[in-house]
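First comes the structure, then the notes that go with it.
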Amino acid sequence: MELKNILRQVKEGSTDLVNAENQIRSMGYVPVSDIAKLDTFRKYRTGFMEAILAEGKEAEDIVEIVRAHNETAGRTLITRINEEQASAIRNAFKPENIEWDMHSRTAVVHDGTPALKTGGTVAIITAGTADIDVAEEARMAASEMGCSTIQIYDVGVAGFQRLISEMSVFEENRPDAIVVAAGREGTLPTVVSSLIDAPVIGLPVSIGYGAGAKGEAALLSMLQSCSILSVVNIDAGFVAGAFAARIANSIAEARK
Amino acid sequence: MELKNILRQVKEGSTDLVNAENQIRSMGYVPVSDIAKLDTFRKYRTGFMEAILAEGKEAEDIVEIVRAHNETAGRTLITRINEEQASAIRNAFKPENIEWDMHSRTAVVHDGTPALKTGGTVAIITAGTADIDVAEEARMAASEMGCSTIQIYDVGVAGFQRLISEMSVFEENRPDAIVVAAGREGTLPTVVSSLIDAPVIGLPVSIGYGAGAKGEAALLSMLQSCSILSVVNIDAGFVAGAFAARIANSIAEARK
Amino acid sequence: MELKNILRQVKEGSTDLVNAENQIRSMGYVPVSDIAKLDTFRKYRTGFMEAILAEGKEAEDIVEIVRAHNETAGRTLITRINEEQASAIRNAFKPENIEWDMHSRTAVVHDGTPALKTGGTVAIITAGTADIDVAEEARMAASEMGCSTIQIYDVGVAGFQRLISEMSVFEENRPDAIVVAAGREGTLPTVVSSLIDAPVIGLPVSIGYGAGAKGEAALLSMLQSCSILSVVNIDAGFVAGAFAARIANSIAEARK
Amino acid sequence: MELKNILRQVKEGSTDLVNAENQIRSMGYVPVSDIAKLDTFRKYRTGFMEAILAEGKEAEDIVEIVRAHNETAGRTLITRINEEQASAIRNAFKPENIEWDMHSRTAVVHDGTPALKTGGTVAIITAGTADIDVAEEARMAASEMGCSTIQIYDVGVAGFQRLISEMSVFEENRPDAIVVAAGREGTLPTVVSSLIDAPVIGLPVSIGYGAGAKGEAALLSMLQSCSILSVVNIDAGFVAGAFAARIANSIAEARK
Amino acid sequence: MELKNILRQVKEGSTDLVNAENQIRSMGYVPVSDIAKLDTFRKYRTGFMEAILAEGKEAEDIVEIVRAHNETAGRTLITRINEEQASAIRNAFKPENIEWDMHSRTAVVHDGTPALKTGGTVAIITAGTADIDVAEEARMAASEMGCSTIQIYDVGVAGFQRLISEMSVFEENRPDAIVVAAGREGTLPTVVSSLIDAPVIGLPVSIGYGAGAKGEAALLSMLQSCSILSVVNIDAGFVAGAFAARIANSIAEARK
Amino acid sequence: MELKNILRQVKEGSTDLVNAENQIRSMGYVPVSDIAKLDTFRKYRTGFMEAILAEGKEAEDIVEIVRAHNETAGRTLITRINEEQASAIRNAFKPENIEWDMHSRTAVVHDGTPALKTGGTVAIITAGTADIDVAEEARMAASEMGCSTIQIYDVGVAGFQRLISEMSVFEENRPDAIVVAAGREGTLPTVVSSLIDAPVIGLPVSIGYGAGAKGEAALLSMLQSCSILSVVNIDAGFVAGAFAARIANSIAEARK
Amino acid sequence: MELKNILRQVKEGSTDLVNAENQIRSMGYVPVSDIAKLDTFRKYRTGFMEAILAEGKEAEDIVEIVRAHNETAGRTLITRINEEQASAIRNAFKPENIEWDMHSRTAVVHDGTPALKTGGTVAIITAGTADIDVAEEARMAASEMGCSTIQIYDVGVAGFQRLISEMSVFEENRPDAIVVAAGREGTLPTVVSSLIDAPVIGLPVSIGYGAGAKGEAALLSMLQSCSILSVVNIDAGFVAGAFAARIANSIAEARK
Amino acid sequence: MELKNILRQVKEGSTDLVNAENQIRSMGYVPVSDIAKLDTFRKYRTGFMEAILAEGKEAEDIVEIVRAHNETAGRTLITRINEEQASAIRNAFKPENIEWDMHSRTAVVHDGTPALKTGGTVAIITAGTADIDVAEEARMAASEMGCSTIQIYDVGVAGFQRLISEMSVFEENRPDAIVVAAGREGTLPTVVSSLIDAPVIGLPVSIGYGAGAKGEAALLSMLQSCSILSVVNIDAGFVAGAFAARIANSIAEARK
């Protein structure tokens, strides 16, 4: 594989570092039969790992893609796994090599390679109990990208005192970035961002019925927020968690 | 006019009260040339007065309608008055017979009849400075329906401490109903409704730009609220104020 | 539990009433494992009880939450219960402690504590037969908040004479507030509000097909109403019923 | 011109009537420079006349098109005329050859040819004063297609008694078809259609603000109506009036 | 029953005809347990019969409503019947008393009373094969209202020659009104209306996928039509058929 | 059949070619019982074949339509086939006469007639693995219209180097037209069109969740593209493939 | 400039053709102060020229950009020019170097370099007179890309005979591609595509009022078309004309 | 003012640091007459400064608010300033105390206090020339929050080589966070995020016409991005710049 060649050239001094980095950043991918082309070097290029969105993929294809990915990366995060895909994964890999999060239908398959530890910290806050599934997907992504995580669940503004009370945990354990998941009216990220000294990523959740249902009101409310937020798409737990971790990792690296 | 006849019959005993009330409730209106049919008895039938929405009406027609209305009611509330209509009103009526609210382009024209005093109290709260115009329309409506009003402006959740601090006014002066006006993400009614012991009417305001602009995010957010609210349309200050006053008047009447 | 302590202090005179009330209003909630934080004191703070929206919650979590809630409140209203959740509730509680409304998939679970009786009266009117399910959710909420209820169903304006005829019931039994549920074109709240002397809360219902289906036309029609209405979200029977009861209870309290 | 030839052949017996009618129906149009191709025979083919929508056309082009049209038809209806176009029309034709309706920005230009009289009757009803402009466009179209018209304006359901009272005019003068114009919540056509024995065409009007504004709520409400209606687009006064006249003319013809 | 009383009074001369007709028009309905209030006299008041929309109703309620309706009307049209409701109808009534249309999930249940024959003629045209289900609902409604019907199916403009060829049937058998059903781009009503001398009612059908799917493009296209059309909601076959029949019946009556 | 008569007349010289072509272009279709009218001559008239959209059709009707179509055309493309329809096709035709594409639920049924070979070349590119189903429908259409096809799958811009690398295949094998299928943000057609010297048809795919899901963002993004593209509807693989083949066939014909 | 160097190397044989072409395709752009980076070599890379969209640019910046572009290309197409920008262009360049199209607010500025002539032919058809402005933008783009153009204006389906009659021009002068511009219901491209043997690009135009206005109905209707079309965005005359010319040029080149 | 008291107590040791910080975080605001309540301590609480959105505020109110704000903060950022407001600012403050950015209608008014320098670096990239106005608002915000900024403008993917070439600036000058502004199809943030090792904030810009215009396609495209992005609302330059600066400042602080 080319990556090894490049690295050997670096070791031998036959290429300089800038050149090697550029090569790694622009060239690598691993074809998986005809159906996929794995961007295994994305982590080196952008700071984000490749993750497998199971939705819309055949169960056997996922297994094949995970195998190919683990060969270069050692660990693979898979999101939005359905029943049939979960069975295929269970059959294909040993139990000790799979870490499941049943709430969020997410799993990590690994070959024994331990998870990264970057020193970054990400907090995940939810407005309600029904937001936990999406929040857990964010937590899994942040965790897999090397961050430690703090969870505070069901502290929406209908009972405002709950948030104030629970936030005391931050006095000892300051998060580098915060993901706030909320459905229905999506108020919580606006309130959190007006109270806490860390960048807040709003994560709208597809709950609620009637006008503005399925996260629409929550998304619009976060985009219109008078507080300063950035936002990801409805239910995009992976994106929110990875983006928060990306920030936390930069800060952690700078701390070193 | 028929109302007087009905009342005289009541006085004379030639009709009973239930019958008289039913007649009043179902029959009265005053035609204004060919263009309007004034529902002057709405107040007796529904507890709401007739108000004149100036938007889309000719200036001279408004003057004519106001005159006709004042003949039976003594006072007329006019909303959403533009420059040209305002001039026509100024020319047609004496200054001492007009009460303007320039913020909300609203006026009351009267023939000396004083405003009603019902004993009800309505609070009007806004999230920002830009919500004040719509809030003032609500205040004028509540006031014209006989309520005393309390205003608390610019206490949105981006600076949450402002709301908490200002709400202390309610300890001595409990409102019977509260209108909360908010644009952009429309969070404030949700928060107020979770903190205060009075029915809250959410009033979305058409400010903000981008996705969910012009009050759309605020309206959806209020409809999706985890707190218990009822809502009126975007910028519908008159409806919000009148509805709040309707509640307050019922309570005030029961107090008597 | 803290509430008892506060009340004992009041009894003993070691705290004054304003202080006690403030404490109750701002501080109480009951954590239920990691998944929920019950706002059991909402009733004291806002006049609305906490209710459990079953939708999106695990069956066993609902049972656990209901148990925790009943410990402080004695009665718990649960809305939007699906088959599996209903079974779990049936297995967990005795039949004599459950009051079901099968139309609206709503239940009250209690420990023998009787429902409140406030003296308020709420009327529930529907345009069609298909609106009854949502209307019943409103009725359950109003009833659980202590109001007596009047139902008038299937009196939409396509056969206008039905409404006029049925409304005679109000001559003896005046409602303090009225919920009007309607799907499709949502005309009925506008008509009722123009005929009756009580505040009307429009409750759009998600029936109808084609453009404006699923309650969209009904919601927009109510927001645009020429009569004076406030509105709740599509199918939000609980919110409509609770809001109407909130008004009725204020009036009933003032009557005392 | 070909039409005359066809008619002469009919007179001479060199063609039969079915054949002549088919030729007329499928073949005629008059080119106006490069910019327009006038469908002057539409009336013979479909029962509807060609009308000129002024919106988006150059003032001088309109004058040229009207001239060309009048050569075969004698009268031309022009809708949605702006200031500049109105001046051009005034300059191009004699005052006695123009019939203006200033409300609806509509005019008929003729060469002395009198309007058709078919014996059909169309009623035009509006919910509010602001709907009159669009209603007048409908009236002009129905009138130009030969119908006599009845107008009943400002009888919306917020003051329901007005409609009932005014409808007595129909007892002597039965309309063959009814156009009901309404903005905001668009309730009136539903109510009229449930009370009157004639086909009702709903005409939504682009008034109102907030959600469902500009006729959206009115259109959806009419499409969802529980009464039986057909509908035209928002502000499409010409289409509503012409469609109603088309029905009335068929009935009138059958009466003969 | 009151209708008989009124008619007897007419016979006896104790009431005059105008009075009797007014009474019938404004007062009658038949309550069906608590769930429905049948508007059995709608036909006398508006020219439209009451029909039962099965969607959203319990199977046993439908049977009960049909029974009540047949007592005064002899025949009942039921639309949008699902499997379970169809079984209930089959069990409750004799086969010889039910007329099914399986395409459109529509049925007529009668007590031997034959269908009306008014002499009106309605044509039903579809653009594609997939529009037939909705078109058949329109045909059933027109037929039940007494019209004879002509069907021309699958003649959309992608193969324009099919329409031209099939329309020759109208030369001998002129329709009084035409329903044109079309999904996807909804072009056909525009083309038919520009070719045929009869009022056209556009009936959008909920087929198609992607942007503008489920009849949205068809509906908008018909509302924007350059030809003169009126429109009903997507899939509203019953409304289209009943409205067309209403026109045809007026013409047929005038012919007599 | 008329086509043969026309062709015989051409052979015999009793008609000239222009006349014959016009007749073929405007007149032919084959009725299939009452449910369909096959436009079998579309290919001669427009360069596109008739294809059968299975969605919304009865299984037995499809078989009947395919039989009728094959009689004049020899081969029939069927798209969007569901399980039940697939069984009916398998039972009705011999295996050697059916070519399935299981990804896209598409099949060709033939009577031994081989597929056309026009010499045109169409490339099909997808952004992700989940776009392959729709892309395959495009490939089947292009292939059935006589083009050879090149597939490049899973080369979206998140790993941009994949596209650059795979595009080298075009150096030897230049496509005449390119279909680019993409869901989610739909970026790939914009990038391909800015890099390659061939007309690009954007094919949005209904994947993705949250705001802009189901192909909406992809469609809008392609319509707004700064590169020069034309676009087809979401999931309209057949249209994209046929349109690309139509271009490629014109070029191939000109090359001859 | 680099292009000349590359070409010289080709001439001298110091580079091969494939290499030279690749260099040209991937590398060139011309910076214009800080505000723009002109992609002057797009024509070599994609077959489309760079055109200047004036909308949103400062007048003086446009002049500067045109100058820079003409240095490498000799001719520059500018679209959507407003009054102020037009003055700046008139002041900056000699009259004989500007070709205006006033309808579409489009201009070509050149340095005497004549327009390309490729031998391709593009037809531009409009449904109405109001579509001509957008159609002319398409014609300018096709013309500037070297095609001869055929215009057929105002032949919409409301007067179907006009289209049939005018299409006879295609018998002598076959177009390689056709742009069909239509607003309101957007029917014409569907009809044209079902009648003519050339690829049709649908161009929706932002006319019409009410639901589906501003080209929305036209766009959706074209995307849903039962005929085979590709589509560009509303009012995107330049894209439609350039895309049609791109096809026509490929065919013309193959003819050589 | 309270802040000084708190700080003095800290100095004197009469309060501890945690307590002092909490007080500052939760309590401070400065009322400006009745119209505004300035959250002057937001910076201490959340890391974001208070900025004045001029849109919708009276010119004199802005001046008053700026004065009040400068008393505690020394510098005030004002965004979306219109002509009239700009004059008022020019009249109220000395030229040397105002820093204008005319592109983005943004200004900083200060009392001589220099801008902060945090050591963070933010890059601002635009797809086109028309995105520069919004991008400059982001740059002003980032700059005012203490970051140095790098601008790369007009490097959209229609000419992809421009981006690659310009990005070489990052090799020496690594940004801590990147704002990518793009209108129309909004592709650029997706591409940048897939190539660069820094968190990317997508900033949709309200340019483009037709479907998806005014930034809608750009916003949806960024929310659906296959790359990992977070997003702010359309034209929300201030939010994007402040959020990017917030990240950069955390990293810069950690570097110290």
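Quick notes on this one:
Read from first to last, the chains carry the letters A, B, C, D, E, F, G and H; within each, the first residue is number 1.
By our rule, a contact is a pair of C-beta atoms (placed from the backbone, for glycine too) under 8 Å apart; a residue touches a chain by one contact, two chains touch by 3 or more.
The model shown is predicted, which means the values in this text are computed figures rather than measured ones.
Path length between chain E and chain H in the chain contact graph, taken as the least number of steps between touching chains: 2. The set of chains touching chain B and also touching chain E is given as C, D. When the contact pairs of F-H are matched by residue number against D-G, A-C or C-D, more than half turn up again in C-D.
Among the other chains, the CA centroid farthest from that of chain F is the one of B. Measuring from the averaged C-alpha position of chain B to that of chain D gives a distance of 39 Å.
For this pair, chain A with chain D, the centres built from the Cα atoms lie 61 Å apart. With centres set at the average Cα position, the gap from chain B to chain C is 26 Å. One simple way to say how far apart two chains are is to compare their mean CA positions; for chain C and chain F this gives 55 Å.
Each of residues 42, 158-159, 194-195, 210-212, 216, 219, 223-224, 227, 233, 236 in chain G touches at least two other chains. According to the touch criterion at the top of this document, the contacting chain pairs are A-B, A-C, A-F, A-H, B-C, B-D, B-H, C-D, C-E, D-E, D-G, E-F, E-G, F-G, F-H, G-H. On the side of chain B, the complex with chain H involves touching residues 129-130, 132, 153-155, 158-159, 161-162, 165, 207, 209-212. Interface residues of chain B facing chain C in the complex, by the touch rule stated above, are 18, 25, 42, 45-48, 171, 176, 193-199, 201, 219, 223-224, 227-233, 236, 239-240, 242-243, 246-247, 250-252, 254-255. Chain contact summary for the complex, chain G toward chain E: residues 127-128, 156-160, 184-187, 190-191, 194-195, 208, 210-213, 216-227. Only residues 26-29, 34-37, 39, 42, 55-57, 61, 204, 206, 215-216, 219, 233-236 of chain E touch chain C when the two sit together in their complex.
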